[in-house]
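Labels A, B, C, D and E are assigned to the chains in the order they are written; within every chain, residues are numbered from 1.
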Amino acid sequence: MTASIGRRSAEWLPALGVLVAMIGLWEGLVKALHVKRFLLPAPDAIWRAFASNQSLLWRAGWWTFQEAFGGFAIGCIAGILLAVVVARFDLLGHALMPYAIAANAVPIVAFAPITNAWFNPLDKSSKMAIAAVLCFFPVFVNVVRGLRSVKPQQLELMRSYAVGELTVFRLVRVPTALPYLFTALRVASVLAMIGAIVGEYYGGSLDSLGANIEQDASLFQFERAWAEIVIACIFGIGFYLAVAAAERFATRWQPRIETSGS
Amino acid sequence: AAPKAKQLDKVTLQLKWVTDTQFGGYYAAQQLGYFKKFGLDVTLRPGGPSITPEQVVASGQAQVGIDWLPSLLAARDTGTGLVNIAQMFSKSGMTELTWKSSGITSVAQMKNKKVGVWCCGNQYELYAALTKYGMDPTKNKGVTIVNQPFDMNLFLQHKVDAAAAMTYNELAQVMETKNPKTGKLYTLKDLNVFPMQNEGTGMLEDGLFTTQDWLNSHRDVAMRLVAASDWGWIYCRDHAVQCAQWVVKAGTALPAGHQVWEQNESNKLIWPNKLGIGVMDPKAFAFTAATSLKYHGIKHAATRKAYDAQIAKAALQYLKNHVKGIDVYGKHFKPIHVTLTAGGK
Amino acid sequence: MSVVEIQGVSKEFKGGTVALQDIDLQIEQGEFVSLIGPSGCGKSTLLRVIGDLIEPSRGAVTVNGKSARQARQDHDYGIVFQDAVLYNWRTVAKNVALPLELAGWSRERRQARVEEMLDLVELRGFADHHPWQLSGGMQQRVSIARALSFDPALLLMDEPFGALDEMTRERMNAELLRIWEASKSTVVFVTHSIAEAVFLSTRIVVMSVRPGRISKVIPVDLAQPRGTATREEPRFFELATEVREALHLGGHVEVPA
Amino acid sequence: MSVVEIQGVSKEFKGGTVALQDIDLQIEQGEFVSLIGPSGCGKSTLLRVIGDLIEPSRGAVTVNGKSARQARQDHDYGIVFQDAVLYNWRTVAKNVALPLELAGWSRERRQARVEEMLDLVELRGFADHHPWQLSGGMQQRVSIARALSFDPALLLMDEPFGALDEMTRERMNAELLRIWEASKSTVVFVTHSIAEAVFLSTRIVVMSVRPGRISKVIPVDLAQPRGTATREEPRFFELATEVREALHLGGHVEVPA
Amino acid sequence: MASVAVERPAERGVGVKRVGSRGVLLLVVLGVLWGVWEGFRAIGIHYGLTRPFTVDATSMPHIHDMFKALFERPNAEGPLLIVTLLEAAAFTAKEAALGFAMGSVGGFAIGALLAHSRMLQRGFLPYVVASQTVPILAIAPMVVIWFTNPNSTFHVTAWVAVAILASYLTFFPVAIATLRGLQATDHRAVELMRSYAANRWTVLWKLRFPTALPYLFSALKISATASIVGAIIGESPTSIAGGLGGAILNFAQFYSFQPQNLWATNIVAAALGIAFFLVVVGAERLVLRHAPENVA
């Protein structure tokens, strides 16, 4: 038990090392090259801004995270549903695919004014809509591929049992698609945060991260803006790690490869 | 005078926003060759929502920028050596709108209402006005401040009771929109307009600035730039329609009708100017600085080092010397009458 | 009524490989028919045609008097593939229980049956392992257990014992015979072991390559029930020799179309 | 100097299965050693330990006097896996050519060799097929061709002929013996066929399960070169019986830890 | 790998008939979508729907108006909207293409590097993820200034800076998918390579890369459209007015009275996205034509 805790924390060591090294390098370079603060503030200044605005920062981060999470949920569910339909009905897939791509190709920045017009820009729904659009596509593409990459032999076995599509879906396609799905969910988790923040840039509540970053950057409060970026990162990574943990749980049957490389 | 190409001084001018008649004077100066005549090779760099002109200028990407004075003060406040060299707009163009139907006929009546305003340094004029009537906008006491996006939908959909609008842009946008009930355009009859200038809380908006370092070594260039720009604005004062057309050509995808309105309204913010175009009014400066300080846009009181009035004054002199009979005061300025059409065409 | 009736079946794959040509074969209730033939002669293909897993290019297959398709839908057969085809995300026990689950057996009945089956294939104790933790032979045994678990009246088996050591294989052979006799089921069995074919079958179908056809059908008249003694009967060796010669006649080098 | 020297090797997998325990084995230059034993006794595992594909939990393996790792890096051996392990995106010819490509052979030499090898495994004409267009036995033959292609001095073969019909298998046996004699190479060969082990080997290592150990080593003193006649010698049957008995003694029911 | 040959799934037909029927299908769906939009709009306006959003002429312009707007002049003397937009699209496409190229190559390199060693992965993967949680809009102005400063030794023109920003959005899906794909290799196939003592490069190139290709293409499809999003976002802080980003900004400001112009711009942007996507799909068909599985 203790050994496994020890191993767990050892897993984090390299990341910690890199973090320390990166911050050190950043601080050093900024100081040595006299990089102006409006180009890149030094970590210590950012830290001070962070420390003195903590409660406000966390509140803004939480607000934005709620938007991101809502959008993530909506977008992923929509992506999965459509992927299922497309994977099942080839014809419908061919018909819907181009429009799904089209929806995705509409740049989020252009989407912001439209969602603002549709929903109230000041509540969370308009940002959720943007995050949802961003999450939808990776999930959709990956799940379609996952559902289709079942080994033909495994399908043959199911065919020999003469079971319905639904059962094949549940017993074979879903487990096969899970790793693909989670790859997409990882991507979507960070996209959701970006989507929410970009949305906030185009008009959002001042309780949100995006609006705060914009305000601070234009008022030359770069240290604070960076502190807000750091908060965005913290929420984003937390979200990502949660998805990764869910993945580990859902695909725990997978062999963890013993050897690697030559 | 024939331009002597190799002697032209290169200057990049960072605008605060996208190509627009809000910057008509500079486009006119470019179009008419005024910059060239004064020995300058000027590049106009459009801005946008994620561009902070102070940042661009401080980093040397552009030599001169245009921004509202409170933003410049905020940049200076954090130790960035920027300095205003000409205050083009001498009046505030900011207004707060309400619907006639709402019955809100004064700023005082905005008490306990939802009031929209833009962020990022643009809010102080309204804050000052609200404070005058006993509200505390920074703490949302007695009024609910709503962070307004850069289009007017919130207001049009009645999701806010009052909304910020620049006379030269958003106000027109509202009046270029059809009232879905009547199918006709909204007019001033549908609206109550509260200009911050009239509330006595107008702050100084568009002005030219540069870094102290660059100014020290390029005083003459800066002066000629201001002079040519002044000349452009003077031209636009008298030829609003022509200026609007140039701006349309310069790449705005927006309709010409709207641009004419905007040019005309911008002119109103400059003219008439008793001190002469571009010259900073110390009183207005003091008010702007004090208001910024009050609402925490800056932490330390701004000093008069924030602007260099000599440049603007020298520019006026230079202009008078080179252009016979030029009127830099616009005492008899008469705005033209612009009729807005659907979609601003 | 024959259990399996194959009439004039041919199969040409896209790309032009003719895997089966003009196959006629009738298999009666209670028979144990082995398919034997050189590698690539179409044994697996024939089995899959019977199971309606691929469609023949020409000809007709009926199973239990209905179309192969209908038979498949009626769960008329169980199949063991040439490789194990296990689902990696299911444990050994759950892989075996799969057809029972699909047939709607209760959890307790399933569990009891799975244990019984794992005993049969000598994998008691590996119930909770995942397929990738098993050796090749063990995986194959799991798939045999799975096919036998629901007592199908027709068993299609594609080299099921190919990955097993001789002893396990002999035990499995004996088990299979016992089950076949007890349940009066019909078995179609692909093998490449002559001895296995002779030992198990009531009839041996020898196939030849270029393209896959039936070159000879050899009835096996060894007494039932068979046991260790059977392998030492002179008739056993005679039959083995007959099969070997039929194979030799069939030729062996295959070429693609 | 022994070609393979295994000292006190044990292998315990994560999860606790002990696949090998205290294996000691020495294989000399020119030997043909077969590993035989019940399914799941650790034959594949032992082969993979020799090839330095997995690391033993305890004990040491040297190959040609160097560490197994070094030997692998020096391309000292070729290996055939229990299942074919072909790369789906490569044609048959390109799968066979893979080790040659890695060894930097020129295109012409490679092509000539691949043709030769495909002839050897009777797959001439399938060069441009993709693995999924082949039958099970054909796939296995491709992997044999691949392992033989670069004439390794040590061959590790895991049930290479398991998926082949008896005739092809006998021909392959003869071919393998011919190659082994001509090239004076050393072969470690996993099989579950007693006859095959006796026919091919100079020494048979019988393994037992629970956990995997060597239960008996049987030297095979049949005369060289061997041929069809060998299978009919009385000594052949004696040896086969000896192996069978050793296997019986070794027990057969395996349990996980 | 199957040890029994398996019949390959039906080939994708390329017959004229198929293409034709596909086109018809596409149009039918288009018609249905159009009907749904207009129907919802009519019902929404008639009953004054306010949920999930207020339906009116601004929030849902007529679809025919959007297309009509393409062939009108936003300015009396200016060119047709579609001409302006196509020029803008061409410009943005240039930035996006370079960004896509840089992002994919970079993403692949990062993915490959991380797949190389667990240590690197543990050390750096969190920061690859973190890089994406940094809101690009927030740092874009700084990035542009870093890369376009004419006084520094390394500087690029503005549109290349946009491409760099676009690559920032594209590299992530590729990096993650590469990592995933490179690790998805069957462990027996890896063992075979190990038996040849193949060096890391060889294993990467001959084994892991082909296995990763399907994953990679899934990601490239996502990146193809993401690169356009990135380019559009990047145009604003670089002061590039000639691209789609500039057009969007212009029309977004005036959405309340000219909604169809923004929608028309979005249609063009979407068309550009589809074009990029199709290029990737074409490449995928070409490269993966020997794979036995279905190609999504």
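As a convention for this text, a contact is a pair of C-beta atoms (placed from the backbone, for glycine too) under 8 Å apart; a residue touches a chain by one contact, two chains touch by 3 or more.
This structure is a prediction, so every number in the text was calculated from the model and none was measured.
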Shortest contact path, chain D to chain E, counted in steps: 1
By number of C-beta contact pairs, the top two chains: A-E
Most distant chain from chain C, judged by the mean position of its C-alpha atoms: B
Distance from chain D to chain C - Cα centre to Cα centre, in angstrom: 27
Distance from the mean Cα position of chain E to that of chain B, given in whole angstrom: 38
CA centroid of chain A to CA centroid of chain B, Å: 39
Inter-chain centre distance, chain C versus chain E - centres from mean C-alpha coordinates, in Å: 50
Residue list for chain C, restricted to those that touch at least two other chains: 13, 44, 81-83, 133
Touching two or more other chains - residue numbers and ranges from chain B: 49-50, 52, 55, 59, 150-151, 153
Residues of chain E touching at least two other chains: 2-8, 54, 58, 137, 141-142, 145, 191, 194, 197-198, 236, 252, 255-256, 292
In the complex, chain C residues that touch chain D: 13, 15, 17, 36-40, 44, 82-83, 122, 124-126, 129, 133-138, 141, 159, 162-169, 171, 192-194, 244, 247-248, 252-256
Chain A residues touching chain B - in the complex, by the definition given at the top: 36-39, 113, 116-117, 120-122, 201-206, 211, 214-215, 217-222
Interface residues, chain B side, partner chain E - complex: 14, 18-19, 45-52, 55-56, 59-61, 150-153, 156-157, 173-174, 176-178, 180, 245, 248, 251-256, 258, 342-345
Touching residues on chain E, where the partner in the complex is chain A: 2, 4, 6-7, 9, 22, 25-26, 28-29, 33, 52-54, 58-59, 116-120, 122-127, 129-130, 132-139, 141-142, 145-146, 172-173, 176-177, 180, 183-184, 187, 190-191, 193-194, 197-200, 203, 214-215, 218, 221-222, 225, 228-229, 232-233, 236, 244-245, 248, 252, 255-256, 259, 262-263, 265-266, 269-274, 276-277, 292-296
Residue ranges of chain B in contact with chain A within the complex: 49-50, 52, 54-55, 58-59, 71, 74-75, 77-80, 119-121, 145-151, 153-154, 159, 297
